[in-house]
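Each of the two complexes below includes chain A, the first together with chain B, the second together with chain C.
Moving on to the complex of A and B:
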């Protein structure tokens, strides 16, 4: 049973001309879903309409059987009436406030303040709580932004490429924080992402958006391996290095936070370069298992 | 990576495992995979399919290759060869297409492999993947 039903139409002025956004998405409660697509495909507009920050031309948003938006019934809840947490790419913290003050500022009138302490502890912000944003690294700022988005205990967390400005190591750490809060607070999370590895690691479901329409959806691994291959030992990742060793090539692929090395033949990799997304596949018959003591 | 095109000839399924025979023309190759016609839509008799296996999984033999457990065998002639200090690569022209193999340079020397040598390329059933 889908708990969030989204059906939205909106004409947008995109860089490439007029874009007609027309999407239909069903999201189950507790899922972490990704919207994946090129820039200008309409990803951010979907999140903004869901948050009530942008008006749809027509459509409906149904959350737990309740209308947040229904153009037919002329219902459109205000942003503050929707239980949503939003994290943007550019932190958006108040520079004149400390970390703790930033979190406190997000409290609703009369809300129990203990959530701020809880989030500071859970997000490991204790040592940073009295610092101002300018004294924080990009990763730390985004951790604060994530904590702040959770102060009002939202049901739905919207993440608009929150990790794209961070380096690979920091990104992987933040991904773990997002997964942690997603599970602890039983959130339904929508994440916009460009990174195949990130999508595979984090998402239960992916929607691929092309020119304002959902072109594919499903489990990330199924959607990305467009050509089905029978290898059961299968991962997707990004090429980080290609080295020639004698007559073979050794290709290093980043899968999640792990590097693997694959022996390849020249023809096999002739159309591949560093940065390309690849599927690494082997048969279930090859790997061995060893128990870690 | 070796990639040969063929058509699915037979499928034998038990539990989650299937044994699939692919008609490649001159010979059939057999593979065992953890898929069934229920889990993989491409598993249909007559379907065009690609047989995929790595160069490192191709065993090379000279002379008659009868008394071994390898089911997939095809004869051919070495048409290209590259020798490194440790590893060597040979390309074999067979009736079902070109097959590349990586082997140690020691093995290549013991077998006295050179361009023009008649060899038999062999691949274990558990090393072959199928792809649409």
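Moving on to the complex of A and C:
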């Protein structure tokens, strides 16, 4: 079974001072894995070291039993040799090329050009293919960046907070695109995210990064919720309103793009406030609210 | 009727200098924009020196260095058959050094203004640094390249001190327009001096205006 084994150490100059990044991660082939954490926790640095865009102080990266990095054996493959798809936070489309030219640029020598047409169709870029990046919206740019990253048919896709700049509706649509390509091209995908909803919707496995160390990992739903709730259904969302009605409270929760109103008692919501992330789960009849830490 | 030769020579010199400068400046600017070397400030200073140094200083040292009675000049003469003083080739080399900052600075600024993720994206797509430079970086700094080309060209046309020091005043060889003007004034030939001056004035005005029109996007707006 092909896996990615990552063990990296790196001293970083973060905004909050010196950060010692020290992580150990195992990722199985075909999984969609998220790295979750506060900004400045070192998420992007992990991805950049995996791509070969940043040097690690020490450690190793083993992909399909092959060393991409080994500080002991002094191996460090160049980014060009690693065969990965990388989607940058700022999309990094080439401004001098049209959408189609951006994709064509990624072709390898002698590679079958039909992949470009296939991706244009699959990502629904047909109407945009002759436009330049400056004429595209954020969501459109993101789709182009995703398509371009897949032209070389990489086995590993790295996504550096690709959805953080998009509104909720566009975000949800792009999450679906990412899931679609993840399955269609049998990718092993690493996604950086700081949205609980996104992680729970998309990821098979989550690594929570705190101050440069992995503090928890596992299935997202297990990591985020305490295992005491055995819900029939459960969604995560954000509290947008708490209203008092006589002796009970009506809590409005935003789940994806939908508002859900839930009746709660005073003691249930005593530690909750507007903006908190919550899980909405139902065991029997009445949904239960539980705060996410 | 004025003698056109100094004007033709001026533009010949400016053209050759600009082309060679472009070849030299692209790698140099690339290196300056991306290097983390300790020597960067020293190289940057050297490149910028012609901005503040009197042209006569540069001309004087080049004259000494290229003189066949000195070891470097002798070596050039014996091994490459080059006599750089009082020759067109010498003018070209002096002009390249003298106009270097006018070409290097805009191109370097152009490289620095591009987000690093653009070149990283190209590397991750398996493209070499050279391919990235040719197909991604240079096409995205066209304005900076144009500015560099035009400034270097215009600056070379306006050269006087360096040319006089190293080239002298040999008609058809080193007597460029700026020197011809000086010559005519010395000979109290104000009419000819005025003709040369006016032509240089109009041409340089047009060249610079063109740059501002193109880089300011005025031309594109007018066409639309």
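The working rule: the second predicted complex is superposed on the first by the 254 of 293 C-alpha atoms of A that agree within 3 Å, B and C clash if a C-alpha of one lies under 4 Å from a C-alpha of the other, contacts with A are read in each partner's own complex, and residues count from 1 in each chain.
One rule holds for everything that comes next: a residue touches a chain if its C-beta (ideal position, glycine included) is under 8 Å from a C-beta of that chain, and two chains touch if they have at least 3 such contacts.
Owing to the predicted nature of the structure, the values given are computational and were not obtained by experimental measurement.
Q: Report for A:281: first if it touches chain B alone, second if chain C alone, otherwise both or neither.
A: First partner only.
Q: Is A:273 touching the first partner chain B, the second partner chain C, both, or neither of them?
A: In the superposition, A:273 contacts neither chain B nor chain C.
Q: For the overlaid complexes, name the partner, chain B or chain C, with more touching residues on chain A.
A: Between chain B and chain C, the winner on chain A residue contacts is C.
Q: Would you sort A:264 into first (chain B), second (chain C), both or neither based on which partner it touches?
A: A:264 sits against chain B, while chain C stays out of touch.
Q: Identify the partner contact of A:246: answer first if only chain B is touched, second if only chain C is, both if each is, neither if none is.
A: After superposition on chain A, A:246 lies in contact with chain B alone.
Q: Touching A:290, do we find chain B (first), chain C (second), both, or neither?
A: The answer is neither, since A:290 touches no partner chain.
Q: Do any residues of chain A touch both chain B and chain C, and if so, which are they?
A: none
Q: Quick check: in the complex, which residue numbers of chain B touch chain A?
A: 1, 31-35, 40-42, 52, 54-56, 82-89, 100, 102, 126-127, 129-132
Q: Spell out the residues on chain C that touch chain A in their complex, using ranges where they run on.
A: Counting only chain C, the residues touching chain A are 115, 117-118, 120-128, 135-136, 139-140.
Q: Can you tell me which positions in chain A touch chain B when the two form their complex?
A: Going through chain A, the ones touching chain B are 227-232, 246-248, 263-265, 267-268, 281, 283-286.
Q: In their complex, what parts of chain A are in touch with chain C?
A: Its residues touching chain C are 51-53, 78-80, 82-86, 88-90, 92-96, 105-106, 108, 148-149, 151-152.
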